[in-house]
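So the structure is just underneath, and the comments pick up after that.
Chain IDs A, B, C, D, E and F follow the sequence of writing; residue 1 opens each chain.
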Amino acid sequence: MDRSEVLDIIKKNVQRLSVFDTEEYQYIPLHQKSSPSILAVREIMDLLRKVIFPGFFGSEHEAQSESIQYYTGVNLEKIYDLLHKQVCNSLCFDSEKCCETDNLASGITVAFINDIPRIKHFLSTDVKAILDGDPAVNSVSEIIFSYPAIRAILHQRVAHALYNLEVPVLPRIITEIAHSETGIDIHPGAQIGKYFSIDHGTGVVIGQTTIIGDHVRLYQGVTLGARNFTYDDNGLPMDVPRHPIIEDGVVIYSNSSILGRITIGKNSIIGGNIWLTHDVPPNSKILQSRAVFDK
Amino acid sequence: MDRSEVLDIIKKNVQRLSVFDTEEYQYIPLHQKSSPSILAVREIMDLLRKVIFPGFFGSEHEAQSESIQYYTGVNLEKIYDLLHKQVCNSLCFDSEKCCETDNLASGITVAFINDIPRIKHFLSTDVKAILDGDPAVNSVSEIIFSYPAIRAILHQRVAHALYNLEVPVLPRIITEIAHSETGIDIHPGAQIGKYFSIDHGTGVVIGQTTIIGDHVRLYQGVTLGARNFTYDDNGLPMDVPRHPIIEDGVVIYSNSSILGRITIGKNSIIGGNIWLTHDVPPNSKILQSRAVFDK
Amino acid sequence: MDRSEVLDIIKKNVQRLSVFDTEEYQYIPLHQKSSPSILAVREIMDLLRKVIFPGFFGSEHEAQSESIQYYTGVNLEKIYDLLHKQVCNSLCFDSEKCCETDNLASGITVAFINDIPRIKHFLSTDVKAILDGDPAVNSVSEIIFSYPAIRAILHQRVAHALYNLEVPVLPRIITEIAHSETGIDIHPGAQIGKYFSIDHGTGVVIGQTTIIGDHVRLYQGVTLGARNFTYDDNGLPMDVPRHPIIEDGVVIYSNSSILGRITIGKNSIIGGNIWLTHDVPPNSKILQSRAVFDK
Amino acid sequence: MDRSEVLDIIKKNVQRLSVFDTEEYQYIPLHQKSSPSILAVREIMDLLRKVIFPGFFGSEHEAQSESIQYYTGVNLEKIYDLLHKQVCNSLCFDSEKCCETDNLASGITVAFINDIPRIKHFLSTDVKAILDGDPAVNSVSEIIFSYPAIRAILHQRVAHALYNLEVPVLPRIITEIAHSETGIDIHPGAQIGKYFSIDHGTGVVIGQTTIIGDHVRLYQGVTLGARNFTYDDNGLPMDVPRHPIIEDGVVIYSNSSILGRITIGKNSIIGGNIWLTHDVPPNSKILQSRAVFDK
Amino acid sequence: MDRSEVLDIIKKNVQRLSVFDTEEYQYIPLHQKSSPSILAVREIMDLLRKVIFPGFFGSEHEAQSESIQYYTGVNLEKIYDLLHKQVCNSLCFDSEKCCETDNLASGITVAFINDIPRIKHFLSTDVKAILDGDPAVNSVSEIIFSYPAIRAILHQRVAHALYNLEVPVLPRIITEIAHSETGIDIHPGAQIGKYFSIDHGTGVVIGQTTIIGDHVRLYQGVTLGARNFTYDDNGLPMDVPRHPIIEDGVVIYSNSSILGRITIGKNSIIGGNIWLTHDVPPNSKILQSRAVFDK
Amino acid sequence: MDRSEVLDIIKKNVQRLSVFDTEEYQYIPLHQKSSPSILAVREIMDLLRKVIFPGFFGSEHEAQSESIQYYTGVNLEKIYDLLHKQVCNSLCFDSEKCCETDNLASGITVAFINDIPRIKHFLSTDVKAILDGDPAVNSVSEIIFSYPAIRAILHQRVAHALYNLEVPVLPRIITEIAHSETGIDIHPGAQIGKYFSIDHGTGVVIGQTTIIGDHVRLYQGVTLGARNFTYDDNGLPMDVPRHPIIEDGVVIYSNSSILGRITIGKNSIIGGNIWLTHDVPPNSKILQSRAVFDK
């Protein structure tokens, strides 16, 4: 097949793919606005990691007490500039208020900057929670440097702060980056207390309206999900509270699913591979029925 | 230990590792052909995303109706060139027909280019299906831009088109890239209808001979797998239909396993954490037995 | 908000974030040592892949029998240099013996280099095991080139060798890279025999003290985990044998959890979605109870 | 010297270098505006080369008559966007009209886009002039692809177009890039006719108010410079016509200097190593006095 | 100016620039063949530098006598592959023999590989010549590592070897890279003996048919050029011997021009700023007339 | 030619090129020490440009008076670390004192850091000198941002500081980078006063023992060189004062050569294309003899 035949076929398909008012592609709009930049979001998250865990992810000198302020100053200003731009892009991404975004975005970004010390405090408690729960761990440093749970929780805590500031799209991008890297999928809307830990983590799903207390620990494959949807008049599922409330001190073992707006009472222990759709009183201990031998 | 001692040890191991006719490494052949390039495959997929979802992943100007044809033209030609090379490499990768690949490859690549509008149409219906099923979603744009399911399905639909054109290895590479990024593992051979959606997705496995109808929705951790293998005379497992048929309108909740060449009838609902190895009639609703309290 | 207001807020937060003797961040130390480099570890693993699977991941010429020694020589020396540096950084990362690391590190690195042929031999058997167990596979080359299980097992076998050489942190980094890319989370401490295979793999978790025999096959979502922790006098969980022993020839199907220091006897088959916390004699076959119809 | 002593010294120098109202550094202002981006200017020039010499600097397919329009379309739009931004930055770089730049910049950029075909026409004549004058040349393609004179003249013709549109700074940046790469230093203000050629070129200097006719050829080391400056009341040199007028058909051999607002008449030949500061009538032939033997 | 007006103007110019059969651009052909890759040529030259000056430009370990062969082996094979491709592209670049290039190219490339030891020998003598002539030099290592003359001569000696093998275009590209970096412009055709040195170098021009003996030294700004051209029947300049012959032991000081097919006899010294167009007997000493005082 | 023939030839040449005790390559030693890194030197120079000209070469925010200290702090610490390493490498590069370099290097690097404010002060005067001498200039900002003379002088002033601290090789590398980019070749040893300016600059050469006063201006192609060498007993040229002394206020026009340890008296003007080898009293004005007409 010679080149000009190939080019003919390309031309024909260019025509077929450049049509936008056709039923064939009706749910794929012609997107004519700036999209947020995944690359920039990754850079923001890297800078936040450096600011929150000083010395771990940059050069060793960045953590000298004499020079730490220089690095933190430069990094915070970079975070401000990068984040401000991404907040702008996100506000425009699929709304009509695009024109007023610049002011709005700088207010939001400043509010976020003011929230970083609190996020750092929460992460400090998460590090402690992991330390207390994993016999294979050797040190606080190893947790901070190499545990996927720390990355997933950092991303969610940052995304949640932006979610509360009503930034669209961006929080989801932030949690999806962690989801892709760790297999842990926590919605930015989920409210999570202090001393939170996840072990292994792959397959964990935590839904948008979930509320989690302090000192909660999850294992791999745990779903905190919705059971039923409420539909609106257009037949679309409604965004109402539909995920569980997990009270302080609860532990949920691997691959269990807790579904619906139910409450798991304080200090309960939920075994592995459990499918749970009703409330559980405090201090409960729930285990699976035995497997059947079929030898 | 000084450098020349180190180099001695390196030399000795160079000898040990440069032997190829030994039983010790008998299943690791000396591979002397071009391998497909993962990097090139990633680039092809990025270009396809730009062509299929215009404006989302390039600059905003690429989606102006006045200039969209320029971009689509350039991108399609790049896709042609990159894909043609990778199809060649794949045909050579582990066969003897390597010599005739150039013509064969250009026929295959042109056939694929002609298939892109259909793939785009199918993805348009997938976007709609996700929109209808997720109360947390804000817009079609957010789905296209940030949902891992879209990436996983795009990769599978592209891989499936190449699988049908009998390209070896390459389809698998394409789905493995999505598997790595999303935790969703769909074999290129699986046949999937329109309006397909997956929520969360980590841990989903869909086997090679699976057949899925229209309007099917899956949740995280669902396996559509094989139950038993049939072995050939050499004791190797045979490649026969061995995965389920999921009819139109079926929903399967998280972490359930549907195994073997069974049929799940139209509009059935399969609850979470189910282990299912037999046919199910249309409109069935299957739930797990309750968990046992052990308080 | 004008720039100097923004800078004021940045300054204030620089102050708040540059405090290190506060309870607020007490579990986030000021890290003042070199950290291992993730980038360098990735490069080491890429070089090891080239050395162990010659011709697959470099250019085709790297596998000519006439020139293979040049490439292996250069790659082994690069591995030595990169690894030596990372072993140094790891020894310093959170210990006090930092000063003696250089000699120690070169001894460790040389020992590792001497172990590469054994690792290659083990991987050769793993390739064979995958070939024998997957009806969808087309060739040994496809397995080596595109199966995530090969990547996960390669990383664990390398990490385990370093773990046995008592290198801190680094082994964990190596397995976490594979965990992130494949969803397969195998602790560096796990002892794994020959002919090991994992199918699909997402969600697999294998704990630190697990012992796995030869010819074992696992499917996606399998957990080989701990059941209870033993706590020391400080209330911290102790690092004692607490994960299962899986004997030769065992197959464990998808999403099952085997927990605690129990033994699964030779050639047993464990079905999917099983929750197992007790010993199982050789040649057992364990299946789940049937799902309940609720039509 | 330990780290904290080093940091002390750094701190002291940070103080000394962060002072801006001091006589010590009085000619180095605190620059608080965006600077043009050298990187972006390089990218603009690369795109212009592709548009003007289609097929030479991109892939071979960019020059297929069937697809050339796609590439030209995409490249022109990229040139527009990149150049618009750099024109904005340049207008702000050292003026007070920064606020009105956006509109102004888009007018300027559009005017430049409209001028590209004329620039291409002029370069076409330059290629011809080089072909006619160099016995070592093999083809038009070799000239376009590898002659430094083409790069230097392309940069100057582009810079001159922007200079005429009154863009500050940017034209100079464009010619300095060529100066650095070729050793040919032509001021953006110089007016240059068609069929212009330079051989070898290193050391050529052509001043701001120079006027060059058609069919002029220069050799390496030729200076077309100023002789005397006129000073204004502040003692600063004035920007008045002060460089030579070189009429049609003139050839100037290597290392000669033509200085001052003098006129070299049509078809004159100026030998090498000449120092010339007065008018020359048409058809003159000027040679150096002989070297002196001192054997 | 809104976007669609801009796009209109772009469209109009796309039309104007996509015309190829017009007198306006008659000397700019539509180039429809592969061009050589500047990037690949740079890589080839970097590898040749490593092979010829082992240990200077790679890591220090590349020069251990125990491992040098690995590095040389890998580098020579890379040189072969990269150069073979560039020779192919060059043979096609502007000729009709493109179809037979593959065989031709591999013969040429092998011949070049065989010539590398000779090139290394010549460069060894050049290093010695620089050492003997520069009072500011500290060591042989400093010359090899940082003197621009070494780079310019290396490029010319490599280009000359390819020029003798009748490779088009590529030799010129190689010398132009050195010209751009050093300001030294030596035509690939020039024949240069051993122990050749250039001091400072900027502005040196050496023409295509120049013949230079052993132990010749040049200073910055020296031109060894043509004086008159001989024209063929089409009025194009003919490629005949037209540059000087510089015999053994000659020194030419800065900014002098030696023009035409003249001979500078053995061991002559030519002073600076000389313009010379006639033969000079051996052992001559030529100086400029004194400058005139005009005080 | 098939691959194994090619590999045979490569092997043979690997042998020929891996010999080091042969007369053939006697001036190319086997270099077994670390070389300085050109890349690192470029980075150091970029950081110094940012520190000395704040706001011009980084982002605009780096020059806010509120945040400038953060950036200067971070940049100075990076300069320290990078330079310290390069000083080490340079001390080892060709000497035997390699073992004591670490302490020596940190003392040198600290001394250099302390010298940066002085270098900045000198450059401030150079900017002023260019401003006063070029009628085409528009602003101080344009000079700092785009004039090659500023780059060449910055590099020389930095190199000279390191030269005075007796760092080998590194100063030469720094000036050669500027030489390559600007065509201006100033030896690190040259002593240069304040308010120094060069116009255009290509071809300027300033030798090692040159002494230049304040307010000196040079034009392109000027050589301040040696005339005769003094040879030592081994026949090697000696490093004695052999370049001119240029007193305050001297102007030297294009392409003139001032050679030997002569003195050009205060405020003298040397015309273009002059060849000067004797002292000149203050306030002299020297012009070339007229060109000869040969019409």
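Convention: contacts are C-beta pairs under 8 Å (C-beta built on N, C-alpha and C of every residue); 3 or more make two chains touch, one makes a residue touch a chain.
Note that the structure is predicted; figures quoted are calculated from it, not measured.
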item: Set of chains whose contacts include both chain F and chain A; value: C, D
item: Chain whose average C-alpha position is farthest from chain C's own; value: D
item: Between C-F and C-E, the pair joined by more C-beta contacts; value: C-E
item: Interface numbering overlap (same over half, different under half) for chain E and chain F; value: different
item: Most distant chain from chain E, judged by the mean position of its C-alpha atoms; value: A
item: Intercentroid distance (Cα basis), chain E paired with chain D, Å; value: 24
item: For chain C paired with chain D, centre-to-centre distance based on mean C-alpha positions, whole Å; value: 57
item: Mean-CA-position distance for chain D and chain A (Å); value: 51
item: Where chain A touches two or more other chains at once, by residue number; value: 7, 10-11, 14, 61, 64, 67, 69-70, 73, 77, 183, 202-203, 221, 255, 271, 273, 288-289
item: Chains that touch, pairwise; value: A-B, A-C, A-D, A-F, B-C, B-D, B-E, C-E, C-F, D-E, D-F, E-F
item: Residue ranges of chain D in contact with chain A within the complex; value: 3-4, 7-8, 10-11, 14, 61, 64, 66-67, 70
item: Interface residues, chain F side, partner chain A - complex; value: 59, 61, 67, 69-71, 73-74, 77, 81
item: Contacting residues of chain B [partner chain C, same complex]; value: 1, 5-7, 9-11, 13-14, 16-18, 20, 24-36, 93-94, 168-169, 172-173, 176, 179-180, 183, 185, 187, 189, 202-203, 205, 207-208, 221, 223, 225-226, 229, 235-240, 242, 255, 257, 259, 271, 273-276, 283-289
item: Chain D residues within the chain E interface of the complex; value: 51-57, 60, 63-65, 68-69, 72-73, 76-77, 80, 103, 106-107, 110, 113-114, 116-117, 120-121, 123-125, 127-128, 131-136, 138-142, 144-148, 181-183, 200, 202-203, 219-221, 254-255, 271-273, 288-289, 291-295
